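What follows is a group of structures, each given as structure tokens.
Same chain, two partners: subunit A is paired with subunit B first, then with subunit C.
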Partner chain A sequence: MYSEVALLQNYLVVGALLFGIGMIGFLSRRNMIVMFLAAEMMLQGVSLSLVAWSRFHNDFGGQMLVIFIIAVAACEAAIVLALVLMLFRRTGNLDVAVWGELREDNQLPFEEPQLPEPPTEPSEPWPTLTTAGVEPKLKPEQTDYRPNV
Partner chain B sequence: MFEIKTLLILIPAMPLIATLLTATLGKKVLREQSHWPTVAAIGLSCLMSLILVLQVSGESEPVDPDKIGYEETVTLWSWAAVEDAYDYDSPVGDAVYQGDFRIEIVLRADPLTATMLAMVTFVSLLVAIYSIGYMHDDPGYWRFFTYIPLFVFSMTMLVSVSNFVLLYVFWEAVGMCSYLLIGFWFQKPEAAAAGKKAFLVNRIGDFGFALGLFLLWTTYGTLDFHDTIVDGQVQSLGIFGQTMLSTPGAYTTGTVGTAICLLLLLGACGKSAQFPLHVWLPDAMEGPTPVSALIHAATMVTAGVYMVARCTPLFQASTDAQHVVAVVGGFTALLAALIALTQTDLKRILAYSTISQLGYMFLGLGAATALGITAGMFHLFTHAFFKALLFLGAGSVMHAMGGVIDVRQFGGLRRLMPTTHWTFLFGSLALAGVLPFAGFWSKDMVLAAVHDQAAVHPLYHWLYLAGLFTAFLTAFYTFRAFFLTFYGEERIPKAAGHHAHESPRSMTVPLMILAAGALLVGVLFGPTGGFEGFLAKTPSLAYLSAIAHETAGHATGEGSHLGVAIISTVIALAGIGLAVVLYLGSPALRDRLTRVMDAVGLYRLSHGKFFFDEIYNVLVVVPIRAVAWLCYWIDRTLVDGLVNAVGLFPMLVGAGLRPLQNGMVQFYAMAMVLGLLVLIGVLLM
Partner chain C sequence: MIELYQIFTLATVLGAASMWLMLPRGGSGGAMRQRWLGALLGAVALGLLASRFPGIGSVVTESVFFILAGVTVVGAAAAVTFRNPLYCALWFGLSLMGSAGLLLFIGAQFLAVATVAVYAGAILVTFIFVLMLAQPEGKAAYDRTSWEALVSVATGSVIVGILSMTVSSVLTAAQRSGELQAAAAESLAQRVLAKQHTALLGAELFGRHLVAVEVAGVLLTAALIGAAVIVAQTNKREISE
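Presenting the complex of A and B:
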């Protein structure tokens, strides 16, 4: 026998985790596709807790709602991916920070924080070998197609 | 067909149609033919006005013994009506009337109205015909012929309405037409300024007039002239209705009565350019000359005289007000005549002469006897003819001289412009008051009326002397202008160019008709008693003879009238003689006299128009400017500052919040998450 309450709690914890991970992903990632995935994850976290509550209350309203959410999410995915594709075609870049034009006039555009270059020590001169012998000739078909690469 | 009621409606309707027609079609369709609607409409109105005079004089004969005077009213429609608006104690009897507040568009016909209508439309017709020649080639031709019938409409309505409110409305309407026509050449700064001045000075008078109407309303509870009769029952009393006129003591005397009269007089002073408010009329000469002739000499400026004559019963109730009217009139007549002596602008001389002659009219009205009021109205009637003639003659000279109107720059024009010369001579003789001409009869009547009153109050004796002296001055300055223009060495200014010839027939024919009028109207209507007898049937004036029966009448000696006539003729001839000596005789004598006058300061005083413009500038214009500047400053700094401060608040908030809108999606998402957390936190607490 298992406890209904414990079951609910487990599911709610998983739902909350999904939601939280999704939220953190959405906030921290700049790749538009990843952001979309993170958003989907939040959605699924909420859906999961809805299903859990539905089960707990023995009311199928929640599950029905989840079916709706899945349907809507599917449509949303189609639209979002189309949008992302369009945006990508404009700039060749999936970085969301490129699209900052709706800021106020006097606000500076987002700039990639530049990490300071690590101090490069002058590389030690490695010993080199003088070329010796003849460079092996490759067959013409090997330059076009290399099965081991 | 020619019923009085129909005529009354048609007379103002014709110019109204003409003005609408010219206003809509003038610019594009009629162009150079814009005068036709005006001339046709005013011609018809003039014809109908003459028929109206005949009808009224036929209808008012024999005199109905039960009624005071003759009047006929026609109601067009009701403008405003509030039933049982107030209770008021009737000044007649004990009845308390449930008063309805009504303003109905009512026109009236009585001898006073008929006379004014005939005079106004006749002079307007001649001026309109004259303007065809005078205004030709003006770019605003159609505009001119839109304003003129609009003015004629307003003026005919002004004299034929039977209600103080409507009188006020059309009083303002003629003022507006005057403003539009003074500023007709509005590109010229002087003309625009003159129009503004006329309008503003008239505002002062009109303010007094409006206060007078309020006082009339609170005193008598009505603003109608006539009794409103429904099914044979008197529904409400009119101020000059039969009931009020036939009841002794119906008119309020004492302070209220005097206040009403003085406020109405203030309005009349504004419109008729009497002493404190006379300064606008000389400047109004910036308008086209036909306008000066029509509006600022013959018709509109006499509206004040008409109004005071119409309000005779009110003025009868206050002797003080009568004295004020007489003093204002006499003083203005003398003052304006003194100024006219030294002016060099032909139109300005005539303008001051108009002010002076209007002063005579008020002097006659101020005598407040039946003779005096008739004399004032008669002088108005004859003055319209000869002053319009003089102005049109001056316009003819101006037309020929290429717009130059300074009498020092031209001279000896009598050979060049023979018709203008002899018509101007007729006008001058009439203005000077030489025996057979119109001005003699009316001016003599005014002086005789004042002379009669000298026995009643010593004030009138002085006014009589002032009137005689003014007559002398009038004869002198009129002939000074006449001689300077038409006699002496022939001089033509360069500006004249090829214009220096007699004016076209459309201008000379009206001059000749008016010259005939200046010769004949006096002798036809004056000594025959025709004008006096006709006008005496006006209810307001018939009231005088009604009360005269009760107060045993006043002694009038024909002998004294003859004496006045002889004295005034001698004086007029003396004035002309002086002008002949000075301006046809030796210039040396003239120069010596000028120097003597200049030495005692009189010449400068007269030439500077007694410095009224300067005095008013210091007393009125400068303080008002200062107040206006203060208001401007308060508006700019305090009011605008407050509004700007209120406007600054959202701007500052916006500036503070602007960095939030930085265009970074993650930042927005973070803001949403934080907001959500805050919301949850609040809900949990």
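Presenting the complex of A and C:
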């Protein structure tokens, strides 16, 4: 037998945590897809709270609202990903800072901070062999092969 | 009561510090160490918060709840703070699984399945598809920085702190004064927790909310056509250029 008030309280706190973490992500991340993912996370937090209230009041109203939230989230995902794909084709990356030119006139432009390069792993030392014998003939598909296209 | 506020404030401050340490801020040296420190602080904050959760039943139900809530919140925090957007999407999937489990735990069977099917099944796969299409090599410079990490963490944690403190104190006070009455177990078993839960949900959805269902259908169709039009226009422009 659960204590209903305690259950409600726990769910509301977990929902608030999900909402807050999603909000931090939406405000701080620069990748458009990660921003959208954080927005979905905020919806999840609200859904949890609604279902908890639905259980508490023994009423299906909260769960109805969550069903419609899921439907709207699916629409939203389709539209947002189509838009992101379009913006990506225009600029070649997923950074929101690229669209800073849409800002108002009195706002300062965004300046890219000078980032130190991430530490790259030292490449594996390959053994050096002295060349010997006849040079093999390569097939054209071997010389044309590009691993990164 | 003062003790509750103190613990919640401490947990909020620790959680904010951990989120700030874990968010990408462009540094290179010691970034890994900072993230581990942030993860440790976050675990301490979650433990503090969990220590003030009121008990909900036997040890088994409580541990199930705490595992599910922990998976949800840790997955969410990791989804927001990882550098590689693909890892963000995968951690978000884990967080969705946790929240579907929480929905199932509270008796919302249909919504738990719908969350897994729609979010984890459809939306997440579309995310990963677009990520693979747009950014196949993974790491980019803009994933290693954040907008105003400190200010956004402060905003989010103030909201979480105020909400959780208010919820806890108001609910405790209302329960003590007898103002707040939860639905009785017998009536719950008749309706929200009934064995025919999904049938009752469907009856409600297609009875009282029939117009809303129609509107949602129109919205879905409009979104489908809209997405197709947006992509088709882009294609046409690229061909004409």
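One rule holds in what follows: the second predicted complex is superposed on the first by the 111 of 149 C-alpha atoms of A that agree within 3 Å, B and C clash if a C-alpha of one lies under 4 Å from a C-alpha of the other, contacts with A are read in each partner's own complex, and residues count from 1 in each chain.
Please note the rule applied: contacts are C-beta pairs under 8 Å (C-beta built on N, C-alpha and C of every residue); 3 or more make two chains touch, one makes a residue touch a chain.
All figures in this text were calculated on a predicted structure; none of them were measured in a lab.
Undergrad: Putting subunit B and subunit C onto subunit A via the overlay, clash or fit?
TA: fit
Undergrad: Would you sort A:Pro109 into first (subunit B), second (subunit C), both or neither based on which partner it touches?
TA: A:Pro109: touches subunit B, not subunit C.
Undergrad: Between subunit B and subunit C, whom does A:Arg30 touch in the aligned arrangement: first, second, both, or neither?
TA: Both partners, subunit B and subunit C.
Undergrad: For A:Trp99, select first, second, both or neither according to whether it touches subunit B, subunit C, the two together, or no partner.
TA: In the superposed model, A:Trp99 contacts subunit B only, not subunit C.
Undergrad: Counting touched residues of subunit A, say whether subunit B or subunit C comes out ahead.
TA: Touching more residues of subunit A than the other partner does is C.
Undergrad: Could you tell me if A:Phe56 is touching subunit B, subunit C, both of them or neither one (first, second, both, neither)?
TA: second
Undergrad: Tell me which partner A:Lys139 touches in the superposition: subunit B (first), subunit C (second), both or neither.
TA: Touch status of A:Lys139: no partner.
Undergrad: Quick check on the superposed model: minimum Cα to Cα separation from subunit B to subunit C, whole Å please.
TA: 6
Undergrad: By the touch definition above, which subunit A residues appear in both interfaces, subunit B in one complex and subunit C in the other?
TA: 23, 27-28, 30, 97
Undergrad: Hey, which residues of subunit C end up touching subunit A in the complex?
TA: On the subunit C side, the touching residues are 19, 23, 26-29, 49, 53-57, 61, 65, 69, 72-73, 76-77, 79-81, 85, 88-89, 92, 95-96, 99, 102-103, 106-108, 110-111, 114-115, 118-119, 122-123, 126-127, 130-131, 133-135, 137, 139-149, 151-153, 155-157, 159-160, 163-164, 167-168, 171-172, 175, 180, 182-183, 185, 187-188, 191-193, 200-201, 204-205, 209, 212, 216, 219-220, 222-224, 226-228, 230-231, 233-234, 238.
Undergrad: Show me the residue ranges of subunit A that touch subunit C in the complex, using the header's touch definition.
TA: On the subunit A side, the touching residues are 1-14, 16-25, 27-31, 33-34, 36-38, 40-41, 44, 47-48, 51-52, 54-60, 63-64, 66-68, 70-79, 81-86, 88-89, 93-95, 97, 113, 115-119, 148.
Undergrad: Could you please specify the touching residues of subunit B with respect to subunit A in the complex?
TA: Contacts found on subunit B: 658-659, 661-666, 669-670, 673.
Undergrad: In their complex, what parts of subunit A are in touch with subunit B?
TA: 23, 26-28, 30, 35, 96-97, 99-104, 106-107, 109-110
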